[in-house]
Amino acid sequence: MTPIINIEKLRVTFGKGDEEVTAVKDVSFSINPGETVCIVGESGSGKSVTSLSLMRLVEFGGGTIVDGRMTLAGENGAIDLAQADADTMRDIRGDEMGMIFQEPMTSLNPVFTIERQLTDGLRVHRGLTGQAATKRALQLLKEVRIPEPERRLKQYPHELSGGMRQRVVIAIAMACHPRLLIADEPTTALDVTIQAEILALINQLKRETGMAVMFITHDMAVVAQIADRVVVMYRGDVVEEGPVEEIFANPKAEYTKALLAAVPRLGEMRGKAAPEPLRLVGDTVPPKPITPRETPELLLEVRNLTTYFPVKGGPLRRHVANVHAVEDVSFTLNKGETLSLVGESGCGKSSCGRSILRLVEPTSGSAILDRKDVLAASHRDLRILRRDMQMIFQDPFASLNPYMRLSAQVAEPLRNFDLARGLELQDRVAALFDRVELPRAYMRRFPHELSGGQRQRIAIARALSVSPKLIIADEAVSALDVSVQAQVLNLMMELQADLGLSFLFISHDMAVVERVSHNVAVMYLGRIVEIGPRAAVFENPQHSYTKSLMLAVPIADPRDRKQIGDLNFKPIPSPMHPLSYTPEPSRYETVGPGHLVLREG
Amino acid sequence: MAYIINRVLSVLLTLFLISVITFAVTNILPGDVAMMIMGTQSNPEALAGLRESLGLNDPLIVQYGRWIGGLLTGDWGHSLVFREPIAPLIAQKVVASGVIVVMSMTIALLFAIPLGVWAAIHRDRWQDSTASTSALVGVSLPDFFWGIMLILLFARALGWFPSSGFVHPADDLLGAIRHAFLPSLALGLGLMAHLTRMTRSTMIGILQQEFIRVARAKGLAEREVVWSYGLRNAIGPVLTVAGLQVGYLFGSIIVVESLFNYTGMGWLTYQALLNRDIPLIQSSVFVIAAVVMLTNLLVDLLYVVIDPRIRLS
Amino acid sequence: MHQTGTASTGRVLQNVHNSIVTVDQDLNVIPMLAESFEQSDDGLTYTFRLRPGVKFHNGSEMTSADVKYSFERCANPDTGAVNFEVFNAVESIDTPDPLTVVVTLNQINAPFLSRLAENGAGVIMPEGSGDVQGETPIGAGPFRFVRREFGNEVELERFDDYWDGPAYLERVIAREIPEPTVRLTGLRTGELHMINDIPADRIGEIEDAGELQVVKWFPLNWDFVNLNHTFEPFQDARVRRAFDMIIDKEVLLEGALWGQGAVTASPSYPTSASFNADLVQRPQDIEGARALLEEAGYPPGSLDIVFKATTNYPYHIESAQILVEWFRMAGVNLTIEQLTWADWLSQCWVDRDFQMTMMNFFTLWEPDFLYYSLFNTVGAFNYRSVSDPEIDALTEEARITVDPAERAEIYKAVQQRLFDEAHDIMLWFRNGSIGAQPSVGGLDTIVHPNGSNLNFHKVWLNA
Amino acid sequence: MRGFMTGKGLLGGGIVITMLLVAILAPLFIPDTFATRMDMRARLSGPSLDHIFGTDQLGRDLFYRVVLGAQTSVMIAGAAVLMSVVIGLPLGIISGYYGGVIDNVLMRLVDTLLSFPALLLALTISAVLGPNLTNTIIAIGIAFTPFLARIIRGEALRVAQMPYVEAARAAGTTDLKMIIRHVLPNIMPAIIVQGTISLAFAILAEAGLSFLGLGTQPPDASWGLMIQASRDYLDVAPWTALVPGAAVAITVLGLNMFGDVLRDVLDPRTQT
């Protein structure tokens, strides 16, 4: 079979002279008709640059294809895309090859209607205008299964949800029936249920049209779900290529092995009582489970926590409604244990964590930390209470002050509470750097000189500096590459074992949660819908939402693929209510020891 | 709709604050209305009598009340030096200034937008620095310098445009444009730099957006990508800046209108300030501030039309 | 009096009005709206025979009632009239018949007649028109008022029923263009037919080029440096004289006005009978000035003086800058403060809040007006607070001296005293200038003998 | 500091440093009377060996005037911008950092002031205070303050919402320390860049005020005053305008380039 596209010895650089950086060193692979090839790798692997080179869009970002061939097979003979002129490329883009991108929120032009954006490609490639174009656009929206397609045509992008926008982007790419669809991390920014739907859609379209798909992702679970063949990239090179089952079952390259070892797989904790660190490539001793204390000791008790955010609107910007971010949430957390709050975006898990720290002011409820109610504390007492609870934030780039030396950032909490001065302060900061396994030489550095994982270690060191009892980790590993994520997770677990820390672990990633938690609380629309020991919740989910969530999570195992028929998720209703709205209290049923489920109805 | 109501309410509040500030500032201006009326023939007794009859001895709050009451009822009082009712006088001058404000902004935008887009497309290359530098030259020298240069070039050497004066557009539209051209160009040169800079940086931001890549991935011609997909998104921010520039413009017209003997609001305000025509200063400063603010309101509302995101939220 | 700006439209507006009497080239009082006038032997009664058939712009014919009305209005300071003191000695104004006006004084006022010829006091307006004169001037002049915008434009149109025959020009539009470059460009491009005040440094160039007509006359006005007599150092005549000695008037004239004028030690109109031609300005003597100041108790560095100059006269600003240099050499530290016209009026003229300033006046050829109002202790224009008993006595005496020769001698004595005491520092008479297109005719008639008013009655435009 | 080693950086930085040096050093080495010395025989004379930049309408040497005038222009612009930063900084930070009612009130006021054209504001303030150097600085300073306050407020608001501020708050940092350690350093680049550009505008504003008779008082030299005085001689003695005009133009261009480069240099991501 002739491959649609055959890439040989592709080499792409950015910049000139001394500042030249080679993003893609020597990449060769091919894609056959009707085949889904996943290009997988971590950030900086060159996977996106490869896809952009194929579309010859890389030049707009300052890149140069310095070497190699990219042969596109066509009815009129083959074309080397690396050599094609601008006009030829314009004809090919959007016609022979379509592309979809990572950010559905920014992939559509905010000032044009959906119709305009759908028909542009039809106009330039097919000469379709007016009624004919509109008809085809409508048909396309139907093909990507958008509800109420007629209405969508006249709408603007911001009126659509993220999932719908990504469907529109797919429709745009599919407009001229391309023979190759390039999808660059198309589901990374989406919630897991929507991700599942989009993946299913791409699969379905592929089957219907027989096109080939080049799918770029960093997520091994997605790869396992969608790929026919896999190309693993690392630092600009292809390190391994092969059928998906082969790659997962029998990886050959060291890098692939390390990568697969670092991926937490949903279900692999089955049968284990306590969380345990991942066993990474190179680890010689098996990881030790973090068993809870024999006599549980209560650290944090949250009762009926409720947080509303006022919505202002109308003339005079009056307070017209509330966003019910956290609605009657109660839970407990013992010393030395981890409770995970898990849910999709907007479910209130972050607000819940911030409310406990009083980074946002809760509306009502109590949070008793070591017999002191944080929510009732005066501002002065609150400052002192914060010594016992610290936070790690999601974005390692934004949570460090770019203008402050790392040592000063780690020392800041110590200085705030005047816990150490002068040399003692220096020593303690140095010890913290050791503790999070960062070289002491980094103390004089600024955040931008560090990688994402290193920064998150600084954030952990900063949190540890005042020896807190509780650390609230808000999506602390979500922005990290999978191998770095594994290291940071292991570090956190190790610290828990050594220092007896408690974690309130907030995450959307079910596989990670399964790995680190003693207890799990699933949140939906501001409420905990199900809470209990990790094993109970994961192995015996009771609430319908928990079940659908479990179903949507892709599993990093090509033998365990989702069936399309399973995927029918309800959209999440708005948590915004008028002022007059009085919510029902949360009422739970006990289904097992410590396993509570919100009553539905 | 609520957005518009809120904007209008805030406009009313701002107008009130503008009136208070205007009144307060004009009251601490040195000089004296009575003295200005009497000029070199002033003598203390006559001045005292005139002050009394003009109500200048009343408490400030009473004077403010009288003024604001007059503004609201359309009785803006009489100018001391022009010896005319203020309201129609200002109405006429606003038209005159309106002509050069619109023309200078048009000239500035006609140059700035293509220049800024061109610079953005060729970011960090020679075209970029050429465009930015040439736009900067306009703002590097004071308006009156350009004004005189333009008079010497276009009026004296080439004879294309008249050197001074104002013609009402209702009387002679072409004449009005010809008379307004040189002052507008002098002002436009000053406006250009900032607008070019703004267009450039906005366009650079937009050209890095994902939807631009999507547009390219559709196979659209680069011309359409930049001038339709890109520019359409840049118009809003650029217009906002242009709106803010109207404030700067109404400052510059004081100098430029005086230079060109173009009898608009800038000229009027300067005459009023020069002659300490307090009633006229109050009203014209108030009108200028109000016009500046309303222009920004207009731009905001225009933004609503341009950008569907605000339209529906 | 004061110009209200170098490009003033005020001088054009004067074409709306005619005066009861006026002056000829030699500054003799001659009839105008009055056909003839006579003064009684005791000098207390003036009889004016009015010219018959003089029409006002409103169509009515001038009668003695209008004259009485005009005089009475001018005599009443409440109307804002500027020349009321001209009528101070008037006891009665009688109108025995429609064409006769008899003015009776209660004491001799020698300058009465010539003051009527000067500066608006003798302007005749229709009876009852006083209230509208401010907005829409109405008179018996060759042009009727059409409209005016303050600071910008005055438009006049020909009055066809003018008693001395209609003017040639159908319409006169005067526009204020304060920027010299813009004004000159307007003339050169043909947008303007005529401009007042050619920039001083360009007169030679334009005359040489020969493409435009240039009318120059002497004098337009005179300038002097003012010393505030309430400021302690200036109460000492030595200080004032020393200040006079610091200034080289010739160089200052060259520097500020490009030599467009002639220096003078006396403000009297140079061709008038009372002009004291014997006075010669003190030559610049910085060393002498230093010595004099030292003697008066002001050694170098001890005098810090603020010089207030108005931006209304850019050449005053130039002068001030030159003065600063000389005064520094003499050990006096001069600081310039620029004032707008409004601020100058309020600070210097009314509040008399200044140490040193500079001003110009129109050439007041009538000596009483000039010396009494400017230098008498109670004079209306004595903003420097000059108070010299000798001058007070002389100016009072001149008022009741009927014999012209005797009066002239008194004023010469006043000039001598002013010079000796250096109450003010006289600088120069300044040239007037007009630039015009070649098509403008009759330019020789345009300047009024007093050197300040512009008369468009006999000016025409060639096709 | 590598960011300065670009063509633009070297040129912009070079101009700014040269102008600063001239402004500071010239008055130390050249007697200030050199700027006011007159020569009535050499009025409006073109550039020559005696007067390398020519002379003005009073025969004053333009080289000395432009060199000594640098001090006045730079001082007025610098002091005025400094003043607007000093007033605008606390207002902007309080408004942006605390938000809420204070923010509403302050920003309503700033918006109102922004409706008054800066030159009109400066003109009025000058008229109230009277014309002299200090008052010119105050007038321009006050007129520029609302702009600075607005920009600083925007930056403070942005920084106050950054996770590192939240992290510091969670770590027990008090408001004052938060502002000093976290907010100020992070808004500084924006203030410096805006300040640089404001300097250029302040030089022009001084020229505008001079045109209207306010601003620097003669015979002192400032660039604005020199351009103002040259306007009657532009056609016969263009150098009288071109000399100070070039000084202003080069400085403004230099400041703008310098501002652009500062923006890049102060960004920690491009620091090495």
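Per-chain residue numbering starts at 1, and chain names A, B, C and D are given in the order in which the chains are listed.
Criterion: a residue touches a chain if its C-beta (ideal position, glycine included) is under 8 Å from a C-beta of that chain, and two chains touch if they have at least 3 such contacts.
Model, not experiment: these values are computed from the prediction.
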{"item": "Intersection of contact partners for chain A and chain C", "value": "B, D"}
{"item": "Least hop count linking chain C to chain D through chains in contact", "value": "1"}
{"item": "Chain separated most widely from chain A, comparing mean CA positions", "value": "C"}
{"item": "Distance between the centres, which are taken as Cα means, of chain D and chain A, whole angstrom", "value": "47"}
{"item": "Separation of mean Cα positions, chain C and chain B [Å, integer]", "value": "41"}
{"item": "For chain B paired with chain D, centre-to-centre distance based on mean C-alpha positions, whole Å", "value": "22"}
{"item": "Two or more partner chains touched - positions in chain D", "value": "127, 130, 231, 234-235"}
{"item": "Two or more partner chains touched - positions in chain C", "value": "179, 181, 340, 343"}
{"item": "Chain A, residues touching no fewer than two other chains", "value": "none"}
{"item": "Chains that touch, pairwise", "value": "A-B, A-D, B-C, B-D, C-D"}
{"item": "Contacting residues of chain D [partner chain C, same complex]", "value": "33, 36-38, 40, 44, 57-58, 127, 130-132, 213-214, 217-219, 231-236"}
{"item": "In the complex, chain A residues that touch chain D", "value": "357, 359, 383-384, 386-387, 389-391, 393-395, 398-404, 412-413, 416-417, 446-448, 459, 462-463, 465-466"}
{"item": "Chain B-touching residues of chain C, taken from the complex the two chains share", "value": "1-2, 77, 80, 82, 134-135, 149-152, 175-179, 181-182, 185-186, 188-189, 191, 340-343, 345-346, 349-350, 380-381"}
{"item": "Residue ranges of chain D in contact with chain B within the complex", "value": "8, 108-109, 111-121, 123-124, 127-128, 130, 200, 204, 207-208, 211-212, 224, 227-228, 231, 234-235, 241, 245, 248-250, 252-253, 256"}
{"item": "Residues on chain B engaged by chain D in the complex (per definition of touch)", "value": "10, 13-14, 17-18, 21, 25-26, 28-30, 129, 133, 136-137, 139-145, 148-149, 152, 156, 244, 247-252, 254-255, 258-259, 269-270, 273, 285, 288-290, 292-293, 296"}
